[in-house]
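Common to both upcoming complexes is chain A, partnered first by chain B, then by chain C.
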Partner chain A sequence: MMGKGGEAAASAQHKEENEEEGDMVGVVKLISAEGFEFVIDKKAAMVSNTLRNMLTSPGGFAETREGEVRFPEISTAILEKICQYFYWSLHYASGKETAEFPIEPEITLELMMAANYLDT
Partner chain B sequence: MAASSSSASASVAGNAGEQRLLDRCIDAAARCPASVEAWRRQRRSLERLPSQLADALLRRLAARRLLFPSLLEVFRHSVQEIDLSGDIAVDAEWLAYLGSFRYLGVLKLADCKKVDHSAIWSLSGMSMLKELDLSRCSKITDAGIKHIVSIDSLEKLHLSETGLTDNGVMLISALKGLILLDLGGIHMTDKALRSLQVLTQLEHLDVWGSEITDEGASVLKAFTGLRFLNVSWTHVTRLPHLPNMKYLNMSNCTIYSICGGDSEVHIPLQKFTASAASFGDIDEVFSSIVASSFSFLDMSGCSLSNLYGLQKMKSLEHLDISLNRVTDDAMEYVANIGMKLRYLSLKNTGITSQALCILAGTVPNLASLSLAYTKIDDSALVYISMMPSLRVIDLSHTTIKGFTRVEANSEKIPSLPLLEHLIYLESLNLEDAPLSDEVIPPMASFRALKYLYLKSDFLSDPGLHALSSASNLIHLGFCGSVLSNSGLLEFVPPAQLHVLDLSGCWILTGDAISTFRRHHPSIEVRHELTQELQPNRGSTSQVHKSRQLPRAKTKVVNSSADSRRHSGIFFVDQRIKYSREEMMEIQEHTQPNSVLHVVPLPPELRRME
Partner chain C sequence: MEPERKPLSLLELCFRSAVDNLRYMNSVDNLEMGLLKRILPHCTLEQLTHIESCTEMDLTGVTDVLWKRFFQREFGEADMNVAIKRMKESGVRYKWKKLFEEKTEKQKQVEQRMSAGLRNKYEAANAGTQYAGINLVCMKLF
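Right, the complex of A and B next:
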């Protein structure tokens, strides 16, 4: 899981070097209840309206400056699923391709609450 | 929180647009009994579930018939709103669980036929319940009311068409916080209504079909906050002055006065339903309404011949004067107040095409027009084409033929192309108008047309074929025609078509209809014979199989057969004219639209009454 997070960070950093500075560029670190860190593209995090508000509101949140958001209520497994959804959503948002986003019935309740909190 | 609750409600509204993760979760949780088992023991999560999520999940489970009494228990701490209306399984066992829901605010059990007074007993003593709907639970009697009146928190109570009597109604006076009380269809008398005087918070009172008279109606004065009142099908003729009344229904009453007989006072009525009512002095009744906010009037079946009383009602948006004796002379009054009109029904009145001539140009916002059962003919179409906002037109049971003649023996001039000017026209009803095949083709080019209803003995194969190019058509009625089997099988349906109504096409055989259905599985075909065909068709899985089999063979056919080769040969059976690829192509065309099966038709697009 850490490996995955690292990979995402590496690819994101690579991107950062190439792209210009802007609101959608860069990475953000999401930290689960257990302290696991997921580094994802800001663009992906924007799928969540809650994160979008945090990251775009001028100077409001400490999260904006430090680029990391803690979720003491969201477990690692759920946060990973959420991150997968962000990227899945980015990929399929255009609507041209379709694929089912798999949700295991065991995690539906927890994921539902996290999705509700993140407004996604 | 506000945003999330709206998303939860959106998830129930349907799958329109892009689905959010939240909706996907609810969907996955309520997929099948096995998925329910996967989460139902997660007690800690269930207790933490925000109420709007719990409500949405429960609604989804109920809609998919996955609920059962002991499953209800897991929602005990989270759910605030439950709607089990129409679920005939709901009985005392269900209510025993529901009675323990601590935060339940809304409970809807309309049409739950097994709910009786002993089942209701579980609900007594609920402390948060604000709304209870027991409409049409016919087993609820006065004994059941005793349990309900112990719920002090109630604000909305629906008891229409239950087994209540005066004695039960009088008990309701204990519920001082009531804002809405629906007692429609109960044989209550003035005595019971008088006992309800103490309910001064009432804003909505429904007592249709009761034994109430003018004497009881005078009691309504006590309800100064009343905004909605339904006294239809009662003996009430005079209402006291109710200063805040916005919605009034006095259908099937004799109406003398709606504001205590005082000509000085006015009531800010917005919506007045008075179908099949008779009036004392109609002008006096209407003069007591504040015209500037009056937007909805239903006076169908009132035997009126004069519309003089309408002349000040310039804010009307909805006007139904069907089944009246009005003639062309009265149209002047409608034209006068036409500016804001969006809906107008002149169905079954004495008007002729001349009436449309008067209306043309005065109704810029009119979206829906019904002229069914009137004496209008093709000459009306030119005036109708001058009503630019029309979306729905009902011309059924008229003498519209689709063409006009300048003189008796001169050439036919098609009249339906005139309607092409109506760029928003979505629904056109021409049932039982004497149309023949030759006048159908222009309708295929009405750009926005989605619903077309035709029914005529003179229609046959060419008429149906002409509609193949009506690209936006969703519903096509082609009833009572002399459509032949080969005509049906040759028909290439428009890509969007979802329903093809062939009722009364008496020449068609069951074989032809089932062949057509096999070729176009996404189209719902309606015909008298389809009832018999249903069992033969078997389950849906069989349909899928039959759809996939030819597809598997397509590749083989591709390499060997060439459809062009067959051109020029005369086919006795039109079905073999198409190569398998062509058939498949037609099928592919229709498949993406199977989505339409789940999309409910918007009410305004449905057939006009």
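Right, the complex of A and C next:
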């Protein structure tokens, strides 16, 4: 049985979990260098540690408020591949996906730079 | 419930893809040195030569140690130590790529000299045999 302090702690933890869940709900718009917009689930975007920090930072990045992040240095083709990776990663973790994530040799280096920036 | 599987990071997948496709790699301009440090050590001598010739930025920071390794593999530890000693004595530090190229050129010249010497000796010996043959024919005739 939990005491009052325990209840408060549990409540705080529950609140924190809800907040975290709340952070994961909804969609976010990723905009490529050419202005192409990808609307993806927040949960998927948070596969990237950089995006996670941007979207959950209490300091209030403009990205957090507006729900959109611009990438002036990432081309549309690369950003599309990154979005595909986010969903692949989620599906793989849940066991729905078993195949390897394919990376075409000709985009490897550009994708690597973007992956490095996005910490993903 | 099944435990969650941890997928490989996209960065790790890119590293693997890059290493698998080194033979197709050309310029690595704009790539951070930290990333290159993970890729280029997997290159063969020919691949590294090709990548460096296609890349405008100076890769010495990453490739010098690799060229030193190629030097050691190609010419042996004794020659490598001689090169290190000479650099220490002269107080001048050369890039290992440059040392590798110069040593290769020097070796090529030695080989050319040796093969030219052998060719000359063979030709001289051959001419001698022919001369002896002609003498023999002349003796038979007269």
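Definition applied: the second predicted complex is superposed on the first by the 94 of 120 C-alpha atoms of A that agree within 3 Å, B and C clash if a C-alpha of one lies under 4 Å from a C-alpha of the other, contacts with A are read in each partner's own complex, and residues count from 1 in each chain.
Heads up, the rule we're going with is that a contact is a pair of C-beta atoms (placed from the backbone, for glycine too) under 8 Å apart; a residue touches a chain by one contact, two chains touch by 3 or more.
Computed from a predicted structure; not experimentally measured.
Peer 1: Check whether A:T120 is in contact with chain B, with chain C, with both or with neither, and answer first, second, both or neither.
Peer 2: both
Peer 1: In the superposed arrangement, does A:P105 touch chain B (first), chain C (second), both or neither?
Peer 2: both
Peer 1: Which of the two partners, first being chain B and second being chain C, lies in contact with A:F38: first, second, both, or neither?
Peer 2: neither
Peer 1: Which partner does A:Y85 contact after superposing on A: first (chain B), second (chain C), both, neither?
Peer 2: A:Y85 contacts both chain B and chain C.
Peer 1: On the A-aligned overlay, A:F71 touches which partner chain: chain B = first, chain C = second, or both, or neither?
Peer 2: A:F71 contacts neither chain B nor chain C.
Peer 1: Overlap the chain B and chain C contact sets on chain A and report the shared residues.
Peer 2: Comparing the two interfaces on chain A, one with chain B and one with chain C, the shared residues are 82, 85, 89, 93, 95, 101, 103, 105, 108-109, 111-113, 115-116, 119-120.
Peer 1: Would you pull the chain A residues touching chain B in the complex into a rising list?
Peer 2: 49, 82, 85, 89, 93, 95, 101, 103-106, 108-113, 115-117, 119-120
Peer 1: Enumerate the contact residues on chain B facing chain A in the complex.
Peer 2: 3-4, 7-8, 18, 20-22, 24-26, 28-29, 31, 34-36, 38-39, 42, 45-46, 48-50, 53, 57
Peer 1: Could you list, by residue number, the parts of chain C that touch chain A in their complex?
Peer 2: 2, 4-11, 13-15, 17-18, 20-21, 24-25, 28, 30-32, 35
Peer 1: In the complex formed with chain C, which residues of chain A make contact?
Peer 2: 82, 85, 88-89, 92-95, 101, 103, 105, 108-109, 111-113, 115-116, 118-120
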